[in-house]
Amino acid sequence: MTLLAIYVALLALIWALTAFLSLRIRQRDGFTTRKTVTFGDESAVRPSRVASVASVLVIFLIWGAFTGSAWTFIHAPAEWQMRPIWLPPPENVWHRLISIANDGYRNFTLWEHLSISIWRVLAGFFLGALVGIPLGFAMGLNNFLRGWFDPIVEFMRPVPPLALIPLVIIWFGIDEKAKIILLFLAALWIMAIAARAGVAGVALSKVHAAYSLGASKAQILRHVIVPNALPEIFTGARVAMGVCWGTVVAAELVAAEKGAGFTIMVASRFMQTDIVLMGIILIGIIGYSIDMAMRTAERFLVPWKGRG
Amino acid sequence: MADLRIENLSMTFSLPNGSKIEALKDVSLTIGDGEIVSVLGPSGCGKTTLLNILAGFLAPTEGSVRLGDKPVTGPDRSRGMVFQQGALFEWMSVAKNVGFGPRMAGRKRAEIDSRVDALLDTVGLQGFGDKAVYELSGGMQQRVALARCLANDPEVILMDEPLGALDALTREKMQGLVLKLWKDTGKTIVLITHSVEEALLLGERLIVMAPRPGRIHAEYRLPFAEKGVGEDLRAIKRLPEFSARRDEILEMIWEMEEEIMGRSEVAT
Amino acid sequence: EEVTIAYFLEWPTPNQYAQATGLYEEAMGVRVNWRAFETGVQMSAAMAGGAVQIAFSQGVPPFVVASSAGMDIELAAVAVTYDDNDNCVVHESTGITAENAVELEGQRVAVPLGTAAHYGMLRQLEHFGIDPSNLSIVDLSPADGAAAMARGDVAMACGWGGGLRRMMEYGDVLLTGAEKRELGIRIFDVVSVESGFGAAHPELVASFLRVTDDMNQRFQSDREAMAPVIAEAAGMDMEGTNATLDAFGFPLIEEQLGPEWLGGGLQAFLLEVAEFFVEQGTIESALESYEGVVNTAYMNMAAEM
Amino acid sequence: MTLLAIYVALLALIWALTAFLSLRIRQRDGFTTRKTVTFGDESAVRPSRVASVASVLVIFLIWGAFTGSAWTFIHAPAEWQMRPIWLPPPENVWHRLISIANDGYRNFTLWEHLSISIWRVLAGFFLGALVGIPLGFAMGLNNFLRGWFDPIVEFMRPVPPLALIPLVIIWFGIDEKAKIILLFLAALWIMAIAARAGVAGVALSKVHAAYSLGASKAQILRHVIVPNALPEIFTGARVAMGVCWGTVVAAELVAAEKGAGFTIMVASRFMQTDIVLMGIILIGIIGYSIDMAMRTAERFLVPWKGRG
Amino acid sequence: MADLRIENLSMTFSLPNGSKIEALKDVSLTIGDGEIVSVLGPSGCGKTTLLNILAGFLAPTEGSVRLGDKPVTGPDRSRGMVFQQGALFEWMSVAKNVGFGPRMAGRKRAEIDSRVDALLDTVGLQGFGDKAVYELSGGMQQRVALARCLANDPEVILMDEPLGALDALTREKMQGLVLKLWKDTGKTIVLITHSVEEALLLGERLIVMAPRPGRIHAEYRLPFAEKGVGEDLRAIKRLPEFSARRDEILEMIWEMEEEIMGRSEVAT
């Protein structure tokens, strides 16, 4: 509560300061500045860089000040200081990262913990896409298969993949296979629905054009429907990757011997808050990187997205 | 090559709510080999439905269409289509789009390439072969669509408002191109349009349709398509007989539309 | 060909000397993988999934639960007895002891469900005349339970090993190991085997038991030399290792084949535990008898070796 | 594997049968039937009802046949029969549902298990929306606040909420408050981003129209921006609800004394596969119902969605 | 009421890549009180920019706009806007949309209601007050937009292609409505259009703009707006002087566009 108050106070202070200063320093000439009314015009909102930098600095400052960090010059009074098991100073997290990167944690190196999680995600996602995409196409192209799989997909879609963990444990145990099956199930329905939506999104005029140019059904599938569905499939893949990453972390919280989720769960048992924080930050960075990688792949592989 | 014979065509759509729409009723028409026919009519009078039946995408509920002595039962490379927009394959380059038909037919690589080059020349897109289609302007995209259709050497070309999405000047240029292609290739062309001027300029024959039920309301035989070539379209528009025809047809359409709109406004 | 064996971290046993020095591989003639687990329940799950063939030191309750449910799992031997290393700890701030144990009613308790600790807790509650449904029972592994205790989230936490030792920093046990033994609460772990594997390779199981017994014997004479290796393998410091080992008992083959254990006492105890669980409503039904899930053949073979 | 083969064989058989029969029974006259080419035309794909019914029946049939169910007349040979700990017959699941509904499980009634989970989701979601929506609006309307919160939101968005469980356990323990904070964090960023997107989606012409009709900034916020953002916010709310439901199940897998996720996790400990299946089915049904309820609410509350 | 005085207006946009676009350069124009002016010009010649400056949404880089003796510095209820489409508030009923301005100004409930009723009458939407705006046709929606603008009794009405999205017949009717409103209320109206016919019909004065830099290219004073009322627009279109004017302006625009397009095609 005190913390929140301090944070808001700092926010207000810096805001007021920035506003006062920018009254003096004229912003560089740009078309936005010619607008007389900008409130409500989202396109005229330029994220203030000063604010971004200040925001990150303030978080670190508060973090450091209340944990007696050697990195910050200001320190909160001793009775307000947090103990490291609640919140370690930032340098602890950093040193922990370095020491774990060098010496490993629980018999595995940091890299092994992270790469096993990433590998699980990739394997599960890949299998899910391998089955889900053809399934989605079948559903988009055929009355019978649509009818057959519709009830299954509609029922499985809202089941959180995590709810399947106990069943997967009973059926497949707790080893690699079980985790990959879980991730497979997490990706499967998302990819099937994306592929089905991709088929649904094909402009009829394109299909008709292909027909009157003499293409056969197989040719239409290969040259018209598949490329047209790719952007949708990519969007689905981004969602599926996000879900898979969340699912693998959760699955590792419940049962694993290594992995990113395992690391933070075990560390939390032993109140090693610095490792937990380090793990969460790494998980966040990997999640962010996966999303960025998918976006980049999308730009390269389906440059025509949204240009039809 | 052969005539396109449309006999007693009727098309009734059943709506989910049980009511029926007579999109076409008892339409008969024969389009000669190498003729260019424009079709004009208010929204919902069945123009697109008619073209879809000619293309073979729809089977009529009654009547038949024959091209020469073959009945039309499905889409075929002998009847090419040009759509208003969005029918190009944006994941292929311009050249790949144009060569699509021959490629699907399994033609040889070299043969396809030379044909594509020639067609890009014809439609005025020399050197654009490697571009992505979405980098082109609307007018250029329609040139690609025309070239793609011609690549298959169809007997009939069906166009559904091919120039509807273009701005005035581009549209005028494209009208010239359509006329030129018609003259050079001698294809049978059926062209749907909403613009009276375009219908006058591009139709040897002009069919005016009326809705509910969709039917042929009037037919005109026009001299302008025969006369106009390339760049002197504007001169034709200045001819007094052109203005006279335009006023005559506008008047007729206004009356027809008024009558229909009056009816429909009561209906809603 | 390889065998995967389940074990616990922070659970030092003499056979970890063999684990660390490769003696098992030598004797069994196959590659041996060791996988650490947190609870015996997970070991069952891993055996069901075929990822693990032998579980060393699975608690009795998870074994009873799995075998009662019809899983293909066999008891081959007793691994370790530890009445003092599996218990329930009450947070000191509650002021509850054995005298006023009923005051636990309405409080929150952390226990890893389906484990020996769970069984021990239920029996203790029964002894104190507390109805478990009057408690708020949270399913937490010993390590999580210790963390919850540290935060003061729970009034009592049950568990074993490292978790139990951390719990003890915040309170004390209700009953000591000896007191529990008097009430007939026996706490020990077993060596369980996936039946299919056991049927196919009885000699591997037997030689596993043989090596384990060798280590237990050697431990009695040569503890000084073995302890550091064991501590390393268990992931603990020397002090903790010694304290834990002091609380452990490792019955040798001859003793195990006697009437108290495989000679009949063990089977009867399993039935007792199962019936208690049925009474508590934790499992549906017990087997008629647990003779069928205790396979003494391995131990007999090992004795011959 | 055998199961999969049998399933695919049944699928193919019924497909062939349906195709053969429908050659004889003419489909009712409809506009689709006048289309000469339907392959690739998703709008012409009518899910076959026969297939849907057959699909569900086949699943039950296989389930029953391989578990020796009293409900099915066909039974697989004894050596192929599954044991109830792997897969109990459907009637067991049903009887279990009834008995748990009557007698409860682990000291709590079925209804208590489910309602506590639902309550947690609603509370967490509500708090997340309460903070997230104003945050999103602030980010959509103001340069400084956009700059300030952008780095925070961009970093937190790809962190799976489940990765926060260990930290939440350390900071807030394992009681109700901790779970609700976790769900709050799960909903917060989604709602903030949805609200920001809602502001960005306001057509500038609407804002301009309001200005030239004499509206003040506050009036524009209240009468133009908020209603315009509602459809986006609702879409975000549906996503957030789905994520929250998955998160609560996972959080209960890790630590809880009651709840839907707790039920299936504990049942899996005791190899009570019938309870696990029952729980998963109930979780699926609740997830589905939440989604349906949100859609219905959307239709009633923002009937103008997509009509601008 | 007062004149709208536009003096030496220039507007230069700086693009992110550093280049500059002169959307308007040195535009001066005075629009008299109660005058109706139509503005015509090719895409990108700065029409919308000009209107946005008049409305007060943009501040010009140079020059000034004054309404009477007040300088224009921001949007204000004295200058109403009608957009092409999509500017209605779809979460409000028709009546709420029309009453928006008075409601924001805090007028009394009864006063607003009677004003709204009167305006719905004026634009021919009696009885549609309770409908949702998205249930109306495009033409009806533009009637609502007109009524909403009038509800505030602005001195100037600025319209950016208000009828651009309507079909031919509806558009003709709406042209009649605009003329009628102009005559009945005596408002100053500035109307942007792409249609030469519309510009001729609705402008007492017609301003033709040219792009790069955006500027006034030609100005015509026209008699047709004064003459035309309600339903006899069609008669006006048949007048020979109307045809003559149309051809003259078309010719002029063609030449201008040709010149520009030629340039731009080289550029791409």
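Each chain carries a letter (A, B, C, D and E) given by its place in the written order, and its residues are counted from 1.
As a convention for this text, contacts are C-beta pairs under 8 Å (C-beta built on N, C-alpha and C of every residue); 3 or more make two chains touch, one makes a residue touch a chain.
Please read these numbers as outputs of a predicted model, since none were measured by experiment.
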Joint neighbours of chain E and chain D, given as chain labels: A, B
Most contacted chain pair (by C-beta pair count): A-D
Chain A and chain D: spacing of chain centres that average the CA atoms, whole Å: 18
Distance between the centres, which are taken as Cα means, of chain D and chain C, whole angstrom: 40
CA centroid of chain A to CA centroid of chain B, Å: 49
Shared interface positions of chain B, touching two or more other chains: 56-57, 74-75
Overlap residues in chain A, where contacts from two or more other chains coincide: 37, 169-171, 208, 210-211, 224, 268, 271
Residues within chain C bordering two or more other chains: 45, 144, 147
All chain pairs that touch each other: A-B, A-C, A-D, A-E, B-D, B-E, C-D, D-E
Contacting residues of chain C [partner chain A, same complex]: 35-36, 42, 45-52, 141, 143-144, 146-147, 150, 163, 235
Residues of chain E that touch chain A when the two form their complex: 11, 13-14, 56-61, 73-75
Complex contacts: residues of chain B adjacent to chain E: 43, 137, 167-169, 234, 238, 243, 247, 254, 257-258, 261
Parts of chain D lying in touch with chain B, wherever the complex brings them together: 29-31, 34-37
Complex contact set, residues of chain D against chain A: 11, 15, 18-19, 37, 39-43, 45-52, 54-56, 59, 85-86, 140-152, 154-156, 158-167, 169-171, 199-202, 204, 207-208, 210-211, 217, 220-221, 224-225, 242, 245-246, 249-250, 253-254, 260-261, 264-265, 267-268, 271, 273, 276-277, 279-280, 283-284, 287-288, 290-291
